[in-house]
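Next up, some structures in structure tokens.
Shared between the two complexes below is subunit A, which pairs with subunit B and subunit C, respectively.
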Partner chain A sequence: MTRNEKLLKVQEIFRDVLDQPGLCISETFSTTDCPEWDSVATVQIILATEAAFDIRVPMETVAGLHQVSELLDLLP
Partner chain B sequence: MLPHAAITAIHHCVPARRLTEAELETRFGARQVQSIAKLSGIRERRIVDPGMTASDLAFAAADRLLKGRGIPPESIDLLVVATQTGDYQIPGTAFVLHERLGLSQRCTVYDLNQGCAAYPYALALAQGLFAAGLAKRALILNTDALSGIIHPLDRTLVTLHGDGAVATLLEPAQSDEGLLGFHLGVDSSGWRYLSMPASGARQPRSEQTRQENTDEAGCVRTPEHFQMNGQAIFHFAIHKVPEVTREALTRFGVSVADLDLVILHQANRFMIEQIYKKLAVPVEKQFFYLEEVGNLSGASAPAVLSEAVRQARVKPGAMILLAAFGVGLSWGLTLIRIGPQGLAPIAASTDLLSVS
Partner chain C sequence: MTETAGEHFFTRALARARACRTAGDLSGAWRELRFGLDAPVVYSQAATAARFLENTSQAGSPEGWPVRRVALIGADTLTFLRPVVRALAFRDGWWPMFYESPFGTWRQEILEPNSDLRKFQPEITLVLRSWRSIGEINFDPLHLLADELALARCAATGLGFVIWPGYDLPAESGSLSHKINEFNQQLKASLPSEMLWVDLAAAQAGLGLLWEDERLWESVRQHPSPAGTIAVVEVWLALLRARWGKIRKVLVTDLDNVLWGGVVGEDGVEGVRIGPGTPDGLAHLAYQNYLLELKKQGVLLAVCSKNNEADVLEVFSRGKLPLRRNDFTGWMVNWQDKAENIRALSSQLKLGLDSFVFVDDQPAERARVRHALPEVAVPELPDNPAQYVSCLRERRFFETPTLTEEDRGRAAAYHASAQADQLRSSATSLEDFLRGLEMVAESGDFSEAPLDRIEQLLARTNQWNLTTRRHSRAEIVTLMNQPGVLTQGFRLRDRFGDHGLVGLWIARPFGNAEWEIDSWVMSCRVIGRGLEDLMFNALLDAVQRAGAKQLRGLFRPTAKNALVADLLPKFGFSKVKAHSSESEPAFILELSSASPRKHFIQI
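Moving on, here comes the complex of A and B:
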């Protein structure tokens, strides 16, 4: 899976969690771009990403996650 | 078999003052409050009025339990007080409560600063002293009043936490009842995610630590306030608690099918539901007690047990698994079998109106 394919898969997760079907995200999309992306949404995004890619995100990454690229860096 | 302890009475106490959604919506806005409430399942919290402390709540819970059961205070030979919000840095709150409850000079006292996982740790400590022949009637007091150390404009904490205390009486177990096992542990790599930075010797309080900071989500706090990285804690709980619960079940040689009740620390409803789901705990073995009181921190898990007793959900001979987790980041699980006589609720109010 290319990085762009991963981005598109993650985008689906963001659309679902943030309840914004038309949302388009980039690698630099961050919490400052979207008020709805709060700590509760972060947890839901991480849990959905872990399930979709069969991974476990490290706690320190979870604690500081603010930008999509930080998530993409972890995906296999 | 070494002498071991059994829970023979339990009672909890919360402040009478209610912090309602309406009040929080005025402070934080309706959308934010409703969004959090939807996941947390918490609609109301009980918080102490100025002048009331965690030890006042603990005293009320203990006093009502002792009087309700007709237990002479001088017969208590072990007092364990678990709190993060003690009356003083020195001495420990157990000494203050020892005097206030009129306990004997032969009664041993311990203070435990353990956070949300405190209940299994306090029970394990007492169990060890029963096994060593050093205690025969113990009073375990779990109490926290975090409302006093949370910044009133920290939306992520104010909306979740309430104050409360639980008193548990332990006496020698008969046959196969009582505290049957413990499973305790910690992942200290996460201790920073639940902390109060300027609260001790490492970062002494100063003019600088009194300065307010506002994060990008609009939450206000200072280093002198309790702080939580909610996303890290949530992630820890969702993954770690099911994992260690499975370990505990294996260690105890039981399965979910053998249990009558599975009690979890009441951090928030969505988290608890996720953990129950991962462990395949059926609805009839679940119990929630947070909607009207909030997350009571170290008093949360025993308050669930106490409320379950009040609602007649704990039958004679019941097998209960209790799991608590939080500050540290620590976890503690214990397997409890209620005696054949059951656990009758204490006939006293759970509300504390004022400090006596």
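Moving on, here comes the complex of A and C:
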């Protein structure tokens, strides 16, 4: 899976979690771009990403996640 | 994580809700989402539902829905609870307006008279602390108890209805668990009586190790775990439903593949599976035992099934089932539409559709009832019968804060009432019918009656209720001790059975030589017996002896109490001009011209 394909798959997760069907995200999309991306959304995004990619996100990333690229870096 | 059928169910409903929203159909969007929440949801789904609701409700809450001001306070992060309360309250038909104390400030917020919490004037205050907040300090139970009781006493006024639970327990039992247990028991015994204590350790025990999520605690301070958060909110909402008299009272069950394994019409009377021998036989046995347990609590059981009645009766007559035909108060075994059958049960049992829970293994039957009768709760059952009971338990449909003697006797009283209905159709006149019942009433003021039942009658009676004032236990006690306030409870029995305490009124002084009817309620079990006439005579007698010249009554209309809209005029009260300050019309009865009413009940 290319990085762009991963981005598109992650974008689906963001659209669902943030309830914004038309949302487009980039690598640099971050919590400052989106006030709805709060701590509850972070937990949802991580749980959904873990299920979709069959991975386990480390504790430090859960605490510090605030930009899309940080999530993409973890994906196989 | 693999998705269960329930999760797919929610996901599909959410997709339909989003499609409705895109098409501009907001009420359709809310309806579909609400159906989706009939399945057991996981944390992420509840949070997604909440975000959907907040994004679609910019124009306000759903029209006509009760809005309640809800404060969330406590020692830990509460942010994670809020979306779950939003989603599940929506499922229950109400809309919270939230206030959340900033992290670490809940003590000041309670103690300071001008805090943001107090300015918010909550109607409901939900408190949550966990062992996490005391696990890291050298914790002294007595010290913490003194601290919490001081807070609780201060929180008892101005914060609405307060739910103040015990602490949960750490996963490994040790001296900390032991100390917390001791603390919880002491707290339970000494909390102010106006607030509600609840045992979180019980909700926790149901989840086992899933109660905690070490990673989410360490990273974002989420505790309990996502699954635990859902369980806590289910406990709170069940208490609120009980508080508002919204407890479900009837379980309507399907038969084939629900009460037993297999289809009697196809597998034959011999072929249905129940009990040991087959795995699904055990699951259905567990379900029947759960129904028996509910029946003992006072929940009414009813059958609604498409079958040949003769087959069904034969299965019951073989005596291999824990449940007997007689355990069911309602019986609809026919080939009619199930929604129509449930509607008929509702009028037979004289209970509103919002008292019903419908259990059926067929998705199409569930969808039909959900659409036709949105007031009926239709849990989305898991595919595996072994999970039926836990699915129903998790929803806490029938939970009451206290279980009274009348609850346990309810099924018997309804059976008596059904027999009385038969007598009614055979008696030639209403008067003959009432005489034939051989009714005997007993009455006395509240100090002679069980307080649990008084509280419950006020909390639960919806139809025959003049003012629908839901006095809490503390308010009842206050009223009983107020000089001049008159109270009376009424028990009724007839030749078919004892109905228990089924009616009450409260009258309080209102100016010079005038008393006002604060509350007047009667259980729907005894509607149409003339008990209201006897209660009225007792009321006249009591206020006149207290020195009243006039009796004042109010009718406060609700969605359910149209039954008593004309009661006061019928009893000789005349309408007076409403004061500008009150919306309900007031009625006055001049006692000099009042006359007692005729009835057929012995005292």
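One rule holds in what follows: the second predicted complex is superposed on the first by the 76 of 76 C-alpha atoms of A that agree within 3 Å, B and C clash if a C-alpha of one lies under 4 Å from a C-alpha of the other, contacts with A are read in each partner's own complex, and residues count from 1 in each chain.
The definition used in the following text is that a residue touches a chain if its C-beta (ideal position, glycine included) is under 8 Å from a C-beta of that chain, and two chains touch if they have at least 3 such contacts.
Computed from a predicted model, the values in this text were never measured in an experiment.
Looking at the shared chain after the overlay, A:Thr2 reaches neither subunit B nor subunit C. In the overlay built on the shared chain, the residue A:Thr28 is in contact with neither subunit B nor subunit C.
Contacts of A:Ala63 after superposition on the shared chain: both subunit B and subunit C are touched. Contacts of A:Val17 after superposition: subunit C is touched, whereas subunit B is not reached. After overlaying the two complexes on the shared chain, residue contacts for A:Thr42 are found with subunit B and with subunit C alike.
Subunit A has more of its residues touched by C than by the other of subunit B and subunit C. Taken together, the two structures place residues 38-40, 42-43, 47, 59-60, 62-63 of subunit A in contact with subunit B in one case and with subunit C in the other. Of all residues in subunit A, those touching subunit B in their complex are 31-32, 38-40, 42-43, 46-47, 56-57, 59-60, 62-63, 65. Contacts from subunit A toward subunit C in the complex involve residues 16-19, 21, 36, 38-44, 47-48, 50-51, 59-60, 62-63. By the touch rule above, subunit C contacts subunit A in their complex via residues 1, 18, 22, 43-44, 47-48, 51-52, 55, 77, 79-80, 82-83, 215-216, 218-220, 222, 226. Put simply, subunit B touches subunit A in their complex at residues 35-36, 39, 156, 187, 189-190, 193, 216-217, 229-232, 234-236, 238-239.
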